[in-house]
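Chains here go by letter, A, B, C, D, E and F, matching the order in which they are written, and residues are numbered from 1 within each.
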Amino acid sequence: MDLLSFYNNSGLAHLEWINLIMIAVGVIFIYLAVTKDYEPLLLVPIGFGVIVGNIPPIEGMPLSVYAEGSVFSYIYLGVMKGIYPPLIFLGIGAMTDFSTMLSNPKLILLGAAAQVGVFLTFIGSLFLGFTPQQAGAIGIIGGADGPTAIFLSSMLAPELLGPIAIAAYSYMALVPVIQPPIMYLFTTKKERCIHMAPPRQVSKKEKIIFPIVAFLICALIAPGSMTLLGMLFFGNLLKESMVTERLANTARNSLIDIVTILLGFSVGASTQAQTFLTGQSILIFVLGAASFVVATTGGILFAKLMNLFLKEKINPLLGAAGVSAVPDSARVVHMIGLKEDPSNFLLMHAMAPNVAGVIGSAIAAGVLWSALGTF
Amino acid sequence: MSFTQMGLQNLNQPGFDAVQFSLMGMGLVFGGLLIIALYITLLPKLLRLTSPKPVSTKAVTPQNSDQEVEILLAIATALHMHNNFPDGDERITWKSHGDMDSPWLVSGRMNGLNSRKLANSWSR
Amino acid sequence: MDLLSFYNNSGLAHLEWINLIMIAVGVIFIYLAVTKDYEPLLLVPIGFGVIVGNIPPIEGMPLSVYAEGSVFSYIYLGVMKGIYPPLIFLGIGAMTDFSTMLSNPKLILLGAAAQVGVFLTFIGSLFLGFTPQQAGAIGIIGGADGPTAIFLSSMLAPELLGPIAIAAYSYMALVPVIQPPIMYLFTTKKERCIHMAPPRQVSKKEKIIFPIVAFLICALIAPGSMTLLGMLFFGNLLKESMVTERLANTARNSLIDIVTILLGFSVGASTQAQTFLTGQSILIFVLGAASFVVATTGGILFAKLMNLFLKEKINPLLGAAGVSAVPDSARVVHMIGLKEDPSNFLLMHAMAPNVAGVIGSAIAAGVLWSALGTF
Amino acid sequence: MSFTQMGLQNLNQPGFDAVQFSLMGMGLVFGGLLIIALYITLLPKLLRLTSPKPVSTKAVTPQNSDQEVEILLAIATALHMHNNFPDGDERITWKSHGDMDSPWLVSGRMNGLNSRKLANSWSR
Amino acid sequence: MDLLSFYNNSGLAHLEWINLIMIAVGVIFIYLAVTKDYEPLLLVPIGFGVIVGNIPPIEGMPLSVYAEGSVFSYIYLGVMKGIYPPLIFLGIGAMTDFSTMLSNPKLILLGAAAQVGVFLTFIGSLFLGFTPQQAGAIGIIGGADGPTAIFLSSMLAPELLGPIAIAAYSYMALVPVIQPPIMYLFTTKKERCIHMAPPRQVSKKEKIIFPIVAFLICALIAPGSMTLLGMLFFGNLLKESMVTERLANTARNSLIDIVTILLGFSVGASTQAQTFLTGQSILIFVLGAASFVVATTGGILFAKLMNLFLKEKINPLLGAAGVSAVPDSARVVHMIGLKEDPSNFLLMHAMAPNVAGVIGSAIAAGVLWSALGTF
Amino acid sequence: MSFTQMGLQNLNQPGFDAVQFSLMGMGLVFGGLLIIALYITLLPKLLRLTSPKPVSTKAVTPQNSDQEVEILLAIATALHMHNNFPDGDERITWKSHGDMDSPWLVSGRMNGLNSRKLANSWSR
């Protein structure tokens, strides 16, 4: 119990330079959130979590998310058991308005096309030597949907949950950086200037029936998507039924906020440098970036393909919104359209492939899970 | 995972052809969303079939007069409560969010209550 | 991994017609909630839960509420362990105003009389061959209080929790259909027109002391009611003490909403047709209906009995509000009174037997639990 | 459960008479609510006994003047803060719901603080 | 199943006079909260919990917080596992404004000085024969911070959690009674009249960087404080970053309210007289009182010591606010200053040592935990 | 614990000197808060060094005109939506608390969106 033992018990004694790197990463996350407004609701909790997770814990004390009986490990349980993502989907459902999608169903297919990123990355990961389960979990990064990625990783490859979650959220935050060059590369100025007709008005009845029928379709095709999509459409029904407004309100405010805080923080805190900074993690980040690029390209090219057959042309920028990353990729589409032609308002139209992309990713996750989880 | 295992042979393991699986997976995603798109396209037409238009115009007048009576009853209830329950903060339901409790709120609820049509027939 | 195995993994391959029946039931629940406004806060979550619970899960995958390790099973834990009902009672306590009851204590006895439904149904269930534990859980349906029914079932007969919960909530929603004919049958027009004197004003002090003393009385008589009534009166104290307004506010908003969402959804999802659609379940529904009828009748007749001795007569319609089903049965009483005589306002008076009925059911549940739980 | 077991014999199992039990249970429910009803009837009378009326009228004036002083102090504090803490958003308590932070809110709290009577005597 | 067995199953049959004493204590807590406004957010839940916890439970039934499988035991888990305190710190962080502290860093040292109460009480408890772990947990009562006390007790001496928690919260509530005489004893009228210069304005940047750097400093020095301070500073970052306002709002409203309700109630319900009313508990209360007195004195005297070296004198009353007990001890300082000189506004200045005291107690808890937890 | 064990010997158990430990503990508490105090004292000076003043005045004008353009764009978007999306209640983000959805709110968000500067360079 002398000065030396105090020092040995302190964090300073065990701090390695790789921890410092991770702490710097956490600070950068927070910096990007604060100054660039990149997905702050995710980057701030994750960033601070990364800082906390890289303070060297004292041996034998329940401090880190991996230490049995620690408070952080109880919070992390919701990540490991896959409980947080469906609750976040409940809240997202309670705040999502599917009207634009309902008024222009063609745009849904763009949300399907962007999922090509998922399966190409799956194949790429297999090629690089990951197990099929790991490859599936890595592929879903291309779904551009944090909760879906966390959910599938926790089921298929919990050992990769940290890097996959961080990669998914990082790229979602970087959507305004990643997508524009691809969008300029694959579209002509004339295409970017295509205006979309204002959508028709959607009736109350359609909105109420939609979540029920859409759930039945998705769940019967891919029961593995039942957990995520069940909650998403349940939340949406709470919103659209009009008679459960107070439940929808709580789901999209307190409930999703509480879960977001706990999920972001504990995912961040799971990135201890000693286990996180590996060649595998770097590979996952590379694959994730590729996945985003492929997904964006897939969406855009599919829009151009559809235009070959359609009389009323689709602005191919909308294809980029098919990757999910709600609502950031829709915003990026809107801004690019606006810069090209200040009277071209794409935001609402982009929301259709955007939410369709969420559904598409969840179906893809369900397919991967049911095929690989029972392998 | 190790890089020594890298290679095309990983894509075709015994009993699991990754490329074929991916194509099918992609197909399912497309299929699911396509069916949803078709359903969305058809629904409005279906709804138009099931709800014949004339009904809605016919229903307007009686409902209106019905509503008028109910609004009057609701106002009466509200005034009654305002006069006889000086506390004024009885909660009779937990449907509202927030914490406003005025007789007028109760009146709103009464109204909603009446519109349930109260079990169809015994009441007259 | 060919098309056939994909099909075999899909929900379509395993869907049976009894699942379709249950899905139709879920849709009807939602339809009644949306169009008739019958208890929408319960019927919408339960209805959507029923739909989700009847998608055939994939063998070996953690999907349903009964599959170990599934997200839905974690949500369902709060039902199985009896945790949700007391939390709902906390919120109900924080939104209940006991003033009318405090200003007219005679009406409390109507809330006691209606509990005769509980015990008669208990005897009926025993007669039909249910075990004493099962009979107790079925009997409490007559308490007309969803959380109480779920709580007692989870403690005494978890194997019947699904049907008991659905029966309790269904009949609570159908109170505006079930009660009026009975009310017309057992009362004369003259009785229905009896006006009640406006209640006296209740002092702040009485309101603060009430939850403490009422809890002590109930818990010392029937300690088994401690869990539910402890929370109910705790919530009420938070409300009435005036110094913990923010806690009461959270208890009656975010907290009760979150629990209502999770409870309703997971109770619904526990009704897989394969285990739910049995002769037993149908019997439970029949017994539940009988229980509601007996309880309503008991309340009304007891009011008429009291009138034999009272100078200031009670409107016997108020007896029907003694079954609980807060606040719907009080509303029904009010509407019947109003239709008979547009100047007869019974709503506030009906709240007294209504909340007394909640306390009465909880005491009954405590008695049944302590006698049968340690049997 | 099976219907072969249906019958009156179920109501009287060894050591458990269902009818007697039900009567007792019903009695307990009635008993509990009856005691509550009696207590509610008696409480107002009890409260009237313990708090003699004259006190309340007597207490009004001093409390009022007390309150006046406190309100003045609270306003002074509020003004002081408004002038010297341009940030204006210091939170000094977590009692309020919602997120309004004005000097006037602080003033309200100060007022509440004073009314705690501050430990009875040292402060005179 | 006769009348006697009913009576034997009732609470009345098992009620002892020591339960009645505890029930009276619970009533007094509520009375103090309602009439004196002493920490009502804590005393009302704890008080009602004490009443509930002293209803004699039925043998063999899962009713009390100590009975396996009871609802109350599940709620109490958050106390036993130390989960609630960090969540409360998250909310406190999201509502704390560190500006005054940032604008006058000298005052931070007062928050350190007051922690002398912690270590002196630790030595006193050891002297009286408590084990080192128990002594550490008792000492932290002097930190005047309920969540910290509960957290450390749950880790070091769960067997004393009840009395320590009750002592900590009682004395926090009694701060307006305990502190003034000490403040008058150790200060002259002239000292009490010292005015403090208005603090400088703090920039947004400073406020955002502060929680990150302060966390790193504290956690590297005493990793044992990582759990509590990680959450405190995380909450503060959510507040100050400006881009996560909705998360901060939920953390400081619904989330902290829900946890406060559950923590207060279940801590109260853990005080069954049969295990609570022991000589040990009484000793803990005496030690706790001493600890508060020492801490207050320490803060005041250290302020006077600093004044020997400072040109711009500190009002030594501010030292009393160093004990934490946020924000009550700051309020007491303000009121004493105001009574002495109606133009002396100390409230904002007192918030600096007040929040520094919270950090100081958490560091002290971390030091005690890491030294004694791995003993 | 029992009182028979009371005594000074408890303070100096083998391998654990309570007084020395307490002094060190107290030192750590002081040390930690002292470092924080020092850091707080130094930070403003550091911040002043890293952000040279002239920049801020220079930056004002372009940003303003930038902002004007963005506000105009935002208003245009808002009007567009108001005219073409009669539903008016599309949610395009989940950043706001509360449930107000007017075209003007959307306009506010558009504005915020523009201020992200949209990935630096492709956009011109």
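Assume contacts are C-beta pairs under 8 Å (C-beta built on N, C-alpha and C of every residue); 3 or more make two chains touch, one makes a residue touch a chain.
Computed from a predicted structure; not experimentally measured.
With rounding to the nearest 5, the Cα superposition of chain D on chain F corresponds to a rotation angle of 120 degrees. Seen from the Cα centre of chain C, the chain whose own Cα centre is farthest off is F.
Work out the mean CA point of chain D and of chain E, and you get 23 Å between them.
Centroids of chain A and chain C (each the mean of its C-alpha atoms) stand 40 Å apart.
Separating the centre of chain B from that of chain E, both taken as means of CA atoms, is a distance of 46 Å. For chain D, the set of residues touching two or more other chains reads 16, 21, 28, 95, 97.
The residues of chain C that reach two or more other chains are 1, 6, 37, 41, 221-222, 246, 249, 253-254, 371, listed in rising order.
Across the complex, chain C meets chain A through its residues 1, 6, 9-12, 15, 23, 27, 30, 33-34, 37, 40-41, 44-45, 48-49, 51-52, 55-63, 69-72, 74-75, 253-254, 257-258, 260-261, 265. Of all residues in chain B, only 1-8, 10-11, 13, 16, 18-19, 21-23, 25-26, 28-41, 43-44, 47, 95-97 touch chain A in the complex they form. Of all residues in chain C, only 101-102, 105-106, 108-109, 111-113, 115-116, 118-120, 122-123, 126-132, 134-135, 203, 205-206, 209-210, 213-214, 217-218, 221-222, 245-246, 249, 280, 356, 359-360, 363-364, 367-368, 371, 375 touch chain D in the complex they form.
In the complex of the two chains, the chain C residues touching chain E come out as 81-83, 86, 90, 155, 208, 212, 215-216, 219-224, 226-227, 230, 233-234, 237-238, 241-244, 246-247, 249-251, 253-255, 369-371, 373-374.
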